[in-house]
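Worksheet: one structure, shown below.
Note that the chains are named A, B, C and D in the order they appear, and that numbering of residues resets to 1 at the start of each chain.
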Amino acid sequence: MTCHTNADLQKIVNEAALHTVYGEVAGYIPALAEVNRHDLSAAVYNIKEKSCIYAGDYQNKFTLQSISKVLVLALAIQDMGSEYVFGKVGMEPTGDPFNSISKLETSIPSKPLNPMINAGALAVTNMIKGESSDEKWHRIIEFVGRLVNDKNVSCNEIVAKSEFETSWLNRALCYFMKQHGVINGDVEELIDIYTRQCAIEMNCFDLARAGAVLALDGKDPETYEEVIPSDIARVCKTLMVTCGMYNASGEFAIKVGIPAKSGVSGGILAVVPNKCGIGIFGPSLDKRGNSIAGVKVLEMLSNRNDYSIF
Amino acid sequence: MTCHTNADLQKIVNEAALHTVYGEVAGYIPALAEVNRHDLSAAVYNIKEKSCIYAGDYQNKFTLQSISKVLVLALAIQDMGSEYVFGKVGMEPTGDPFNSISKLETSIPSKPLNPMINAGALAVTNMIKGESSDEKWHRIIEFVGRLVNDKNVSCNEIVAKSEFETSWLNRALCYFMKQHGVINGDVEELIDIYTRQCAIEMNCFDLARAGAVLALDGKDPETYEEVIPSDIARVCKTLMVTCGMYNASGEFAIKVGIPAKSGVSGGILAVVPNKCGIGIFGPSLDKRGNSIAGVKVLEMLSNRNDYSIF
Amino acid sequence: MTCHTNADLQKIVNEAALHTVYGEVAGYIPALAEVNRHDLSAAVYNIKEKSCIYAGDYQNKFTLQSISKVLVLALAIQDMGSEYVFGKVGMEPTGDPFNSISKLETSIPSKPLNPMINAGALAVTNMIKGESSDEKWHRIIEFVGRLVNDKNVSCNEIVAKSEFETSWLNRALCYFMKQHGVINGDVEELIDIYTRQCAIEMNCFDLARAGAVLALDGKDPETYEEVIPSDIARVCKTLMVTCGMYNASGEFAIKVGIPAKSGVSGGILAVVPNKCGIGIFGPSLDKRGNSIAGVKVLEMLSNRNDYSIF
Amino acid sequence: MTCHTNADLQKIVNEAALHTVYGEVAGYIPALAEVNRHDLSAAVYNIKEKSCIYAGDYQNKFTLQSISKVLVLALAIQDMGSEYVFGKVGMEPTGDPFNSISKLETSIPSKPLNPMINAGALAVTNMIKGESSDEKWHRIIEFVGRLVNDKNVSCNEIVAKSEFETSWLNRALCYFMKQHGVINGDVEELIDIYTRQCAIEMNCFDLARAGAVLALDGKDPETYEEVIPSDIARVCKTLMVTCGMYNASGEFAIKVGIPAKSGVSGGILAVVPNKCGIGIFGPSLDKRGNSIAGVKVLEMLSNRNDYSIF
């Protein structure tokens, strides 16, 4: 039984939603903790038909959080080139938690292992071009706007402010990297941009559309214009497979087998090359920080439609 | 310019062979150190045409070393089931070296991160069914024989003996895992089987044929009989992508983008799903322990024939 | 109120014995687990008066376990010289557990941090001179006999055998060190000697007498003959302060302030320079592996008699 | 040959000064790098005679750097009590470098191992009482003034400013500890006070006098008034033995055997209980960050005058 209609997808969502009770909503900032743990919405943008199927309360908005890491990476490589970016940040998956600082200390020279852990993502945001902090931020939000075809995509200022005020660990990572020459400039400004990029808000439909761009190797699924050069889109998808789902990336690759990036808000951006982009929102998280029901939706979708790239 | 003929492949091999001077032959056992650093041979088994192209001195034999990890994993999952195997050994890539013991200590409960690092591979070999050490070993060699369609595939006893006598680190890993209940039974027997599996000998043609089985999701490329159940073949390919090339797996995924597993003998087994199996032998190694020229061959092949799965 | 008589010491022991309920007996081998958790005995050998006070069931025998580390170290330095010993094993305290293997891996070159952790102690035992395993062992037991003035001091064969059969972690440490050239020779033979030295059996009176030798900078408290050269005795006492009480050495130095070495059997060997040797047996252990009531006895003794060296 | 006169000490200093060529001056801030590598001065304050011998250019001033850690600890325990201080910061020596952040991450709950490493010292300074940052700082400088009997002891503002502007690693440690509730309040203010305490300036004579206070268990060597309660003085001396000389504390305890605390400026504060306080300045550092010639001076002094406490 493949999934092709809203009704098909709704059935999957209904079944997956039974798992929300086994997870927890991220509680470290009030704005994230206020959501309904049982929410689950999903959208699939099919690039062939240029149309989207969806299920659940698909208009629910959520912040990107770590999902922003892969989008900003795409912009940073465009800005600085692959060699520069990966001269500062590695390409290797890690068995350590996303916010670990130990590995920065034990690896010589100090270099975040990849752009999907916090240290690497902060270093990547630090590379975004712009004369001022403001310009850098506007280039990020504008780029995300192009991916979702919504010039009005916005940042949830309450979430951004709340995270800015409590990002002690990210500041620790930044100062450690500043010591070792991985990042430069003012740490507070970097934390400001980074917390804003994490607080960019959209619904699962928007996210599916961003995924469709990656599914098309960087081309806009409606106009076929290049939004991201194809080699960069491919780099992003590869890193999504090897490190996109935190410390469960390996297991996700085995069980689902498609490029995906999750965030602690409960969002997941997933990509089936040449087929579709997928956006999920389910704020109940498993122990690794991935949407517990969202992973189930992707597992069922992948099995039914034979989406695995392996 | 795609690569379809022996001549095409020979050109690629010639170009890649220029890189052998930048690597080193593994010198930790005499038998491995005696090879010619500049050797480079490659074979591609196309599953559609059921035929093989090759280049270099393709009859050169080499021992599988770490390549055996992925093959024995396929047998272990058949023997014990996926749940049992991955209850003892994780599925996650790691930023640590393949022979690291620290992670075993810091992870609670102690569990090798994946079956492609030494600790995980030793635990996997420990799961192979058999009444005796001898029976276990014969089941392994017979299984490998089926993959390469060569019932006479053999073990290089000199290499096996030499490694057995110097495997102090692997013994350390085994005793550590025995302490934590990850493995059971006699360590010396396990080291004996493990060093034999690492010393299984073949040429790049045989290796390409084993790759073809994985490319066909576990089916024999000539008879289409199932040699490995398709879901297990998929698990193997996924782990080859996330952890098959030691600490360069992430970079290899980005630059080449196909499932591959390397060994310190200089062999690489690579798989292009539904297209071909590839076998390489180039004993000059880069700093991560992968065949320096072999990686170049795969990079060129992938770029020219658009093999990346991402 | 100072402590000078059996009655004084008995009062202290009675008070300290109230703490046995908060600890646990080491349960990893049956022979150790069979003791009475509430046992507590102590002996103080005063070198001025050449006499001993004692309290509790002072004839209770126990195995030395880690206490043997400091005694065998004294012999090894005599055998090989300070430079050789500390060329293989460091002098620095560590924040890691006594049986940790990670630090061996992360320190370059691989070198156990000190002779009081298992790795270091195994390397030290590996240095003991002797043509055969048997001769090495006899030199150890004879040396310990001289310290306690008991040529009949013996090894508890049941405990030794039991530990030999389950020392997986120590074997892991040995093989790791063999890989890195820290130890040489046969690992099974080393484990055999090491488990025997750990199983040397005595009572708290004997232990106090061994302490008296160290208190006298190596001289026999009765004959004043040199048993250990004074500079080596000093090295032993120093290492007892910085690393003698497992991961509680720093806290013990602050609260008690005298050289001491504990074992998981519940024994503690303590030394008050130029004053006395102390032997304790109390098998109920705190979380760090030190005799919970034994530490209390030493704390009270030190406070009352102003024993701290600081 | 014991050392009792200026001439005796000068001979020792002359001999030790030959080792300055084997070390390096700390170069991480310009103000520290400008000193003469071959400088070496020493002063010994004998508490019995209330007099001081000295050698070298004893009026040379230097900043305390890490030596301040032990002095501020004495104040913090007076302010908050031993239980509070050691509830936040451990008492255990560590095999890790003084500026390591890994251990903070791997220890649960996160707690600096001791007050002599940077993380612990920052947490201790964070405990100093005061309504404002200014008041805290004045209480520190005033306390140090009492120890050296110099109300005009001052902070080298150039060094303080220079360190404040480059303390990225210390900021990383602070933010990490703020995340885990080890410290509270504003990180920039804490770094400001901490860099000032490190920049307190004095000569070796002043330092010897501060040592004399500790040698007398906290009493002023001239007036015998209590400057530090005796139990707190003892805690300080104990921590100087177990962790005062960075990663060479264990070796220093064996070779010299007296409480000492060094700083990267090349200063060493040493204490011989009930005998004398010692101040050294020799900016040429060994690989562990201790004054290379200063350690030699202490080794010779200890051997000749039998100063070891072991």
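Some observations on this one:
In this section, contacts are C-beta pairs under 8 Å (C-beta built on N, C-alpha and C of every residue); 3 or more make two chains touch, one makes a residue touch a chain.
Values in this document were obtained by computation on a predicted structure and should not be read as measured data.
When you average the Cα atoms of each chain and compare centres, the chain farthest from chain B turns out to be D. A separation of 48 Å divides the Cα centre of chain B from that of chain C. Each chain gets one centre point, the mean of its Cα atoms, and the points for chain A and chain C are 55 Å apart. A straight line joining the Cα centres of chain C and chain D is 32 Å long. Of all residues in chain B, those that touch two or more other chains are 106.
Chain contacts here close into one cycle, and each chain has exactly two touching partners.
The residues of chain C lying in touch with chain B in their complex are 100-102, 105-106, 168-169, 171-176, 178-179, 187. On the side of chain A, the complex with chain B involves touching residues 90-96, 103, 107, 113-114, 234-235, 237-239, 241-243, 247-251, 253-254, 257, 259, 273, 308-310.
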